[in-house]
Amino acid sequence: MRIMVINPNSSQEMTASIRGVLERVKRSDTELTVVRTVGAPAAIQSASNIAQAVPPMLELVRKANKEGYNAVILACFSDPGLEAAREQSEILVMGIEETALHVAAMLGHKYTILTPLSKRIPSKEQDVRRFKAESAMASVRALDLTVTETESNPELTKARILEVARKAVEEDGAEVIVLGCAGMTGYANDVEQQLGVVVLDPTTVTLKVCEGLIDAGLRHCKRALYAAPLR
Amino acid sequence: MRIMVINPNSSQEMTASIRGVLERVKRSDTELTVVRTVGAPAAIQSASNIAQAVPPMLELVRKANKEGYNAVILACFSDPGLEAAREQSEILVMGIEETALHVAAMLGHKYTILTPLSKRIPSKEQDVRRFKAESAMASVRALDLTVTETESNPELTKARILEVARKAVEEDGAEVIVLGCAGMTGYANDVEQQLGVVVLDPTTVTLKVCEGLIDAGLRHCKRALYAAPLR
Amino acid sequence: MRIMVINPNSSQEMTASIRGVLERVKRSDTELTVVRTVGAPAAIQSASNIAQAVPPMLELVRKANKEGYNAVILACFSDPGLEAAREQSEILVMGIEETALHVAAMLGHKYTILTPLSKRIPSKEQDVRRFKAESAMASVRALDLTVTETESNPELTKARILEVARKAVEEDGAEVIVLGCAGMTGYANDVEQQLGVVVLDPTTVTLKVCEGLIDAGLRHCKRALYAAPLR
Amino acid sequence: MRIMVINPNSSQEMTASIRGVLERVKRSDTELTVVRTVGAPAAIQSASNIAQAVPPMLELVRKANKEGYNAVILACFSDPGLEAAREQSEILVMGIEETALHVAAMLGHKYTILTPLSKRIPSKEQDVRRFKAESAMASVRALDLTVTETESNPELTKARILEVARKAVEEDGAEVIVLGCAGMTGYANDVEQQLGVVVLDPTTVTLKVCEGLIDAGLRHCKRALYAAPLR
Amino acid sequence: MRIMVINPNSSQEMTASIRGVLERVKRSDTELTVVRTVGAPAAIQSASNIAQAVPPMLELVRKANKEGYNAVILACFSDPGLEAAREQSEILVMGIEETALHVAAMLGHKYTILTPLSKRIPSKEQDVRRFKAESAMASVRALDLTVTETESNPELTKARILEVARKAVEEDGAEVIVLGCAGMTGYANDVEQQLGVVVLDPTTVTLKVCEGLIDAGLRHCKRALYAAPLR
Amino acid sequence: MRIMVINPNSSQEMTASIRGVLERVKRSDTELTVVRTVGAPAAIQSASNIAQAVPPMLELVRKANKEGYNAVILACFSDPGLEAAREQSEILVMGIEETALHVAAMLGHKYTILTPLSKRIPSKEQDVRRFKAESAMASVRALDLTVTETESNPELTKARILEVARKAVEEDGAEVIVLGCAGMTGYANDVEQQLGVVVLDPTTVTLKVCEGLIDAGLRHCKRALYAAPLR
């Protein structure tokens, strides 16, 4: 099967990083094309960034449809333009936030999303409602680290992730931690081992669920919410 | 006070129609600039249309900020890009759907949104949750009329609005009817008189609330959900 | 337009204070009559107080109807007898709590109500549900100050308001602070400037929304919840 | 034990009817005083009626406290003034709507309230939220009969109750029917036998729960929501 | 009336303790049979324990039906097998958790459940939803004491209960404390007196409500959720 | 990978049928062991059936753990004993109802569960809350066919499934239909083609998601809700 993974931002480094993670976990019969979105911002950190990223991203979605892919994955933890992408697509489109939240709801009592900056907590809470996953949400918590700090100081990042995840577990009752940012992926094992909870890397889990849904012949419903736009 | 009313689509007719309605209800000390969004689709009927409309619309929002307006109103009943517009704006930005739903919640027990096509019902229900107004929602109901039918056949349109609004009142318990499309505005009085319920024209009610909030010196919070994007 | 603002308690001082605040923000074409409720308690701090205040207050509502007012505002942050007042009235009746909560829901992600005494927190939470505004509520928090302390010690009051509002912002994620008591009005600007969030004075915001709804020809629905009582 | 049952309206007939029902189901060691509320309306059918009834009703609550009763029951299916009554009372105060809804939630999957007039449906739905019993609510349905019709035409009344209860069971999934009006009490057995669901007479079930709570030494919490009013 | 109280575990000591508590509060015309469940675990602390306990417990339920009892009470604060027991029973079956939660919802604004171990908090939260009582829930809090500590160290236990209940009251707004474990029963008065809130012993309150419902001729609905299994 | 699929009932025919369906959709590197539960009822149609089925089913779960399986799937659309099975298991355990509901929530606006008998609707609604998937639920609808009719009359069954699914789509707004019974599996394609919505066979979709989660190294959290029982 062929899956196009679209990184909705234009960063080559992040695209390479996503490719690296997914190549390790994909099935041998899965062919991945991981692309960045030329014309999008280098990072998606606001609704304004999303507005800029979606139009060129939709072109990639249409390209995937024309070129015979089996599915598209939007690899940014805010699922930018997921609804529009599904409208434009006859093949399955999955978002990594939506998928991660519903898998999280299955694997423990409640989940917490970790997000880099506290000012993005409200938009994550809005997403939780957008994906109808609020009954299983324990909390959204922020690391309060800039992207620069995350990249330049891995020890600090690791310590902060552990500290915040521990609060999520002890104060909010989280049993699943959803890593709401690509930069956190590498620390999943540490959190799992030290806190004894499930830690989800949204990109990985989405690819694996996507492979399964393709096998099962499933895609999103095209009747109303994701119906093709009128001409 | 000066308010820029942005029609997020590119239709000159609809822009003129909005201007006509608002000029009749505005305060004498209010100066309105009603503009269409060049580069946007002629109508907003899908998430794809929204994706296309938002980038040029945001330019208008920035223009309103630079030119000393007191507020911006987004005059399309899906509040396209409202979050991004508020991020981009230091002046108050209001959406006509959000405002209408909260005023509706104040004026009766529950409200029903009328929308033209049944395939848009799910996206309206999503908007109701996006604006945290679901506890006062009775239902979303569709006229099942195309825009062409609406424009070419006013008798049919009026009859259908009355029929659907009556079902909302009698079967869903609606006390307020929110007219979820510019084409329905002219029929508000008929519904009010025949059914004895409140009928809201979202554009009108938003302008009037907006004038009040400007007087009160209020705007949206810029701390987190609508914080200015990082550079 | 003529608006009767009813202070549901019998305090002349508080009535004068409300009059002072509203005269400054009203439109020039708005004529205000601000009245106290003779026969009501001097302050409304319990359901028992409300029970005592409502019958004489309803007489004022009927008076406003007879004397050709355009609307009535109930100026006490518990909206005592709002439902009964709307039953009794053919003209628009607005409550300052209901209005403030719905405007708060529009201007930020979530709101916190500040209330003087912690023992009134449950009744505020009940009101939030009564007005169907719970999805946007961050919290209700108390100053733990008596009215006497509030009046005699403005420095303490200001410090306490700032301290509690800061907790609401930092711990509960509030982006809008609703000042749930007339005595807090004067400190709104300090909170706004120090915390960078929106602060609502319910009386002010209600007057401004009320003026707008009168212009728009709106009132509450008289069909069921607020239907005139049977004879 | 001594229980004062207060009929919050002034009708002698209805008071006698309540007394008749309760005398048959009370324990032999229970001494009932069933009183009407002089000064209240003859029937409670609106928020305005409630406003009028509560002040004289509260005097009876205080009387019950002074005269050594063990508990007070408010015997009107809208629990008028329940919160104020509990503030005024050191002894247990129970409302028949609150009690019936919570017992209904225990005896089947969901419950439906039958109410005489459709215009009261919204206020019943508000009460369901006031008592935090909405998760177990199937619906509120109206008989669309006036009190006069109910009294003068028992065959019609019985037929209508059966018809509406059947719809509640078959269309809304109700397993418990709550008879939301004194005039419906006599038809409970017919509904139970013909529809195979539980039918609750709120007055009866409240007396029986009240006797039990008195035995257990319980009353409502006096800490916050029902705290004694400040002097 | 004759009530069979089933302790769903096999502990003779706990069965005797339940019998002791209930004999003191039962009505003089109530005949209690308090039995343990031979074949069940000695304590119910997990879903696995419940799975083991329910089959022999259901035999006791059928026995109560055959031997002419009026009702069955399941006396373990997780209501193990309540749905199956009601399916098997033509007589009223009550669970002490379901009953306590709904009585708690009536006696104060919100309730907190105290449970021995923090790892059981999620299953209590699940139960709150199972019984549709989540709107009145303040929190579930754990003592973090093993059963052995509870039994061997009453001073520690009492101190911990007071400490945790105080947090529930002060931080979560609880007005009713539900003692979610038989071992806590003896400390109810201390909590009530020191914190001024209502404290419920679920076993006691369930017996008293059960006596009342038997008098009223009520049982659970047998139509759907608790219908007798098909042969 | 090796997956044990446990049919929680004792029917050899149904076990063979599940095996047949899953062998066709499994990955080539997946080794399936599909077993029935000796000692369980021949069908699971009530809470009583579940109580009987769970103890022998848990033995199979323990066997799968001892024999080195990678995961267990409980293949009955009520996920009997899922919580206990997860307590007993160090390897991933998935239930087909929980998984289907969360995948359904991802593929369309709302889902409807089809269940054979209307008396089981309440227990399905309870399950929806148990799995925290209620925000995406449109409805639960019944075919009103006995198992015998389903097996003996495929034309009737197909017609009824289409009729009920159509109502779910048109009246309840469902975009995904969840086939809540093994006997409905064969009709999925007809529903998809005639109604244009997504139809989920829970057993199939669960196997495919399970394969993906095994690849990703995920299992349920063992910290609290599914912690191993104390000895």
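Read from first to last, the chains carry the letters A, B, C, D, E and F; within each, the first residue is number 1.
Basically, contacts are C-beta pairs under 8 Å (C-beta built on N, C-alpha and C of every residue); 3 or more make two chains touch, one makes a residue touch a chain.
It should be emphasised that the depicted structure is a prediction, and the values quoted were computed from it without experimental measurement.
Where touching is counted per the definition, the chains common to subunit A and subunit B are C, F. Legend: contact pairs of A-B compared by residue number with E-F, A-C or A-E; the interface matching in over half of them is E-F.
Residue numbering shows that subunit A and subunit F use the same positions for more than half of their mutual interface. The centroid of the Cα atoms in subunit C and the matching centroid in subunit D are 31 Å apart. Subunit B and subunit D have centres, each the mean of its CA atoms, that are 43 Å apart.
The distance from the centre of subunit D to the centre of subunit E, with each centre set as the mean of the Cα atoms, comes to 27 Å.
Subunit E has residues 109, 121-122, 126, 129, 173, 175, 223-225 in contact with two or more other chains.
By the definition given earlier, chain contacts exist for A-B, A-C, A-E, A-F, B-C, B-D, B-F, C-D, C-E, D-E, D-F, E-F. Within the complex formed with subunit A, the subunit E residues making contact are 121-122, 125-126.
By the touch rule above, subunit D contacts subunit C in their complex via residues 45-52, 54-55, 58, 81, 83-84, 87-88, 118-123, 126, 129-130, 223-225, 227, 229-230. Of all residues in subunit E, those touching subunit D in their complex are 25, 27, 94, 98-99, 102-103, 105-109, 129, 131-136, 169, 173, 175-176, 195-198, 200, 204-205, 207-213, 215-216, 218-226.
Of all the residues in subunit A, the ones that touch subunit E in their complex are 109-110, 173, 175.
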